[in-house]
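Look for chain A in each of the two complexes below; its partner is chain B in the first and chain C in the second.
After this line comes the complex of A and B, so read on.
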């Protein structure tokens, strides 16, 4: 049985160090091609007609004018007369034409009559939701009434966190060619191994007939797992156009309107505690919406799950707006916001330092020691002791500084993944996985694990991902990829090396158990002079090659990957109390992710996550219009996102101490994207002396809160 | 996208001949940073697009002893980097630098900034400049109006003038030159911006058959612009103020305070002007002027905060101008 486990930390040459991405240069220079960059010979362009009404019945659709438009090759109906449409932006018809402009013009020529029906697009006011709010039933634990009676202090506050979109830079879409009985799909997907089967099902084709090809994806954040209506329709347009490839990517407005959202969460949280800050009881009345199907309760109380007495009531509100999809750490930001804001408010009421209060209550979390040590580390990095002041006690200048913190958690165990390693007689090493690199550096991580295992350099490994013809590897969701692919890579490389040892052992005159692969050589342990270079060793394969599989089985990961992490983020802000503008001074992120494969991309994940948190804390929200039922800011202008000048300093500390490192590889895509929003909101409350109940913390909200405080 | 004819004439006269008598027949193309989005969104569907960047006489910045002439196709970057603007017209330089990103400043022009269309999301979403629903009612008062007007908003217009150069030019008393095949005319900057009273009107004095050729700005006053922006880049001011002060010793002889991004036009705050005459600018005076400037504000359901932001802009612009760097 070959030994799979990770080499001890001090023996690792590559893992855990900082490495550039192997595809960094091609991405930076534009050589990297995304699906939306493709321009295949004879390619047609697809466009969608979407519904302008938030709620309507389709009375009639007339495509005859569109069919006669120049360049049009096919027109397909998605909706039909009589259908009830539940949100603006819902797909009605699709057109393909020789040019993108012709396709868009043809879409405009389709005549649809609608019977508009009443709609609801806002959920922030539960009263106005009426029957469209469905109560989920009370969740009760312990005796909250008694606990409130005996509590020394009670703190109660309203909070709100809105719907935001994924806003992928590369919109959803694909290029697809359906010729004869074979489909070639060039998607923008987080699910290379799975999307082909999904498309095949809709097209009623055998799954083996759909070939998926994807080199790069320009962002997914949880919104790109399935073939989607536009994928299916593009395929059908291709077939209807004689098998020419059809490119159909959503335009920016449609992308922000229907390609997925993060659900909102609103509600009142009431906490009871002892004088020393120990929380004894939680009560919440919350509601949320992620579109027509409503919205589940976030997992509250978050992290502090063991608070003994709880009463929770939640309502799901159905609105007429584009639906939810998993959004980087689904429901965790909402849960964190409701929980860690409430704890900060409790600390303020007790005039206690929230660092002390969070540490005091760490026993209510599943990993008290992790959080306590992470809080201490973060506090040190942001200079909490020196800079923190009681809420509102921030000097007489109109510029007020404040500090805040939040905790988070995530699972992130590796998904099912298979990898095939091929070693050629010329020394070339290839590894194939039906995986994808979401921009997280998956390719590079695979190469690092492979090179570490074979004693080679990163550039000696040819990483092949992005084809569903390769061995299946899980979808990139739930921060499961790094654990999955590093496990399968490690095993397939170990198997292949074992086979190479079989060939080389007689040549070196040593039993294969005595061999090791180090620094581009196969050598005898304890006698490194007895060696063959990698090239010479592989040459012994003659006309053969080695091809070995390796599997990561989530049920039996063998110590290569595990799950469950903690993280702490702290923010320092400066608020201009005359304008209500919040400026980021510094964010500190302390994060656990088990064994680190590439420190550089691990840190990059965390930087990116913090930046997303700054967007969501300060500026980002989908704005719906009650009258027209439409999204008013489906653009990158009033759908505000932070730029370089808005993010301040970011300090990332990855936990690499032994107790973390020993755990195996754990995913990182999601956890650092959780706590930042709340840390920032708490810092603002600390700075200005009053809670701004709803994020994003726009000038109007900050000014309104200040006015309330002064009144 | 609507098919259109493209022309790139070399002289102003040729360009003028290519324009139409009605809006919609032809659109002037300068940097294209606004026109292209208008066309992609189907808000403008011109039959002809007339590129004016090849017309030499529309470029260049020239200073005389008392004024600066700025050609219409001068880019916002050229404007901000021009030594004479830097020295004498900081109000204009700050406004130009506020337009972010560098890409927009490199392409966007002075003429384009003045003639760009409002960013009101109902207008850009296809509901017309006056954002009316099918019954002719404006969608703004009962709608999402946090970025809309707090002054000059008694209807039917509720949008805010998007131009950041506008308030500075009005404060400085600039003149805008417009050419047509019939000749040229000069319009005071304050009269160039108009509040439309009906759907057939536009928000500037520009006629469909005219090209804005240049702007002439008097120099010699202390001036400054202050903008309140939520984001450092790719964003619009939530409120802004430009001020120009004629000084007599340390006191203000006469002042012009103009608010930006709070009304359908750059908004002259004449109460503040009157209040400032004869005063030396201190923190208190600036604060009083700021209050006077917004005394008549009539915020909508969601934009009362802009009153406060505009006050801050006035105060900070006055304090900056009083430092007397120009």
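After this line comes the complex of A and C, so read on.
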């Protein structure tokens, strides 16, 4: 049986080092084609009509004027008279036309009469939710009442973390051509292997008749897995227009209204602890909403799961707003915020350094030693000992500095993935997977693993992804891709090399077990003078080629991949107590992700996660209007993201020590995107001496908290 | 968010497409009627609402398109000229993904009407690094991994090129942050962008060439 383990760290030529991404230049020069960039011959443009009411019944729809508009090729109804619409932005009709302007005009010419119905779009006040709140039932462990009685200190505080959107820069959408019995789908998807089947189901076609093609995707973050209404409608518009391809991408307002959100979480957390900071009891009353279907409880207490006494109550609140989709580390940011903020507040009440309190309680986590060492590392990198001060003890200037920390975790085991390696007689190496590169560097990682295995250079590998005709590979969600594709790539390359050894062994006069692929050669172990260049070795294939599969089976990943990581982030902020503005000084991220394939893109992912956390901590919030029930900020001016001048210094430390490296490849997309929000919120509390209970920490909220403190 | 972008100035015309769009909404029926009226027949200064011939000078080449007067430079590039390096993201002059250089100034192509871009010298990402050479800014973006999904990247590259064209002596992160404050990235690539732009500045200075 071939060897599936990774080479020992000191023998890896490529893995774990910093490599440029192989598709970097086509992106940086604008040559990369995303689905939204396609201009296929004869292509039509689609547009959606959406509902302006948060809750309404459709009384009538009249498309006759729209159908007569210039350039219009098809009008399709998505809703019909009598339908009850549950959120503003819900799809009502779709139009295709020769130009984008004509399609938009036609949408506006559709006459819809609605009967508006009462709506609820806010969940932050549970009292006002009434029957729209559904209690999930109490979760009880140990004896919380007794534990509170015997606790030396009790800390209780309200927290809130709002709905935010994915705000992918490439909006959701696709180009679809339905000609005869064949559908070509050019999506923007995290799920190349799966989206075709999803579309086929809606179109009532055999799955084999939908071909998926995607070179690049402009952001997904968990929101782009399925064909969606706009995919189905674009296909039907195409069919109704004689098979011409239809491009239908959401405009920004629709994107921010219906293309997915991260659910909120609100609640009161009460902790009891001993004088030394050891937490003995957790009690929480929480609620959340991710739209009409409500919102599940975040996994609390987060990371500190072994706190012995617990009482938890959660309610899911249904509101009339666009629905939730997986948002990078689903429910973990909320859980981290509720938990690590409460721990920081407890430390402040005990007048204890939170670093000491978090380390003291690390025994309640599944990986105490990992967290303790990561906390120490992060503290060293941010100079915690020198800079930290007790809460609010931040001098007389109106500019207050503070430090905060938070911990996080994620599984990140590799998904099911199959890869096919082809070695041609001219030495060309191809690898095909029905995978996708979200900008995480998946293409490059596949090439690195392949080249490492074959003893070639990264540029010698032709990576082919983005087609559902290739061997199936999992959707890119939950940090599962790097483990999945590394496992399948390693195995398929190993199998292919084994076949090449079969051919080359007689030529080199050595048993194939004695052969190795090193530096572009096939050579005899211990006798490297006996070798063939890669080209010469492949030439022995003559008229044949080698084609070998490799599989990553999540149930049986071998030593190549595993799951479960820890990470710690610390933040230093400066708060202007006159304006309420929070400025980032420095963030430190210490992160474990097992064996690292490409250090450069791993670091990029972590930098990016920290920056996303800065956005969510300081700026991002979907704001609903109680009166109209609509999103008030469905644009990028008022749905705020951090700019390049808003991020301060960021230091990333990837755990590459032997005990981490030995664990195999583990995903990195989610874990570093969790703790930063809470670290920043804790730093602000430390700076100004009072908890700002709700993120984002806008100037308005900071000033209000200061006012309460001073009252 | 701070931005140093110059708002587009359409000489003697309305340059705020929001207004144009607003007219488009309420004037739908009017639009229907008047599409049959040739643009030229509508008196001096008036155009449309039907398609009109537009001549653009892009990357040193003359390009002719026929678009409605409300069509932005961005949509003309993307939908009519298949120049899709500039991306449509916010479509409202906020995010910079559509950044091009017009008469030496960095502008948002989503906020310039194609008809108003006539007679201007327009540079797009497609015009960078012609003749097979990679522009130092693009090369630096790759070297410093200043991109993830890459959708904002062409806009950043053009904004950075615009900065280095007007100030080849850029040395500090603060200068880069000021100049690129009008570009937004969702993946969070700013750390790489800061390094890439400063590195490109050094390299372009060493080479002495400003426009590759």
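Just a few scattered comments:
Please note the rule applied: the second predicted complex is superposed on the first by the 711 of 711 C-alpha atoms of A that agree within 3 Å, B and C clash if a C-alpha of one lies under 4 Å from a C-alpha of the other, contacts with A are read in each partner's own complex, and residues count from 1 in each chain.
As a convention for this text, a contact is a pair of C-beta atoms (placed from the backbone, for glycine too) under 8 Å apart; a residue touches a chain by one contact, two chains touch by 3 or more.
Keep in mind it's a predicted model, so treat the numbers as computed, not measured.
Looking at the superposed arrangement, the partner reaching more residues of chain A, out of chain B and chain C, is C. By the touch criterion defined above, A:578 lies against chain B but remains apart from chain C after alignment on the C-alpha atoms of chain A. In the superposition on chain A, A:105 contacts both chain B and chain C. In the superposed pair of complexes, A:625 makes contact with chain B only, with no contact to chain C.
Residue contacts after overlaying the shared chain place A:83 against neither chain B nor chain C. In the superposed model, A:143 makes contact with neither chain B nor chain C.
Of the two partner chains placed by superposition, only chain C is touched by A:169; chain B is not. By the touch criterion stated above, A:356 is placed in contact with neither chain B nor chain C.
Once the two complexes are overlaid on the shared chain, A:644 sits against chain B and chain C alike. In the superposition on chain A, contact is made by A:699 with chain B only, not with chain C. On chain A, the surface patch touched by chain B in one complex and by chain C in the other comprises residues 101, 104-105, 108, 636-637, 640, 642-646. On the side of chain A, the complex with chain B involves touching residues 101, 104-105, 108, 578-581, 618-619, 623-628, 630, 632-633, 636-638, 640, 642-646, 698-700, 703-704. Against chain C, the residues of chain A that register as touching in their complex are 20-21, 23-25, 27-34, 36-37, 39, 45, 69-70, 99-101, 104-105, 108-109, 167-171, 216-219, 221, 251-252, 438-441, 600-601, 603-605, 607-612, 635-637, 640-647, 650.
The residues of chain C lying in touch with chain A in their complex are 1-2, 24-25, 28, 31-32, 35, 68, 70-71, 75, 78-79, 82, 84-92, 94-95, 97, 124-126, 128-129, 134-135, 138-139, 141-143, 145-154, 157, 176-178, 180-194.
Residues of chain B touching chain A in their complex: 1-3, 42, 119, 121-122, 125, 127, 133, 139, 142-144, 146-147, 228, 230-236, 238, 302-305, 308-309, 312.
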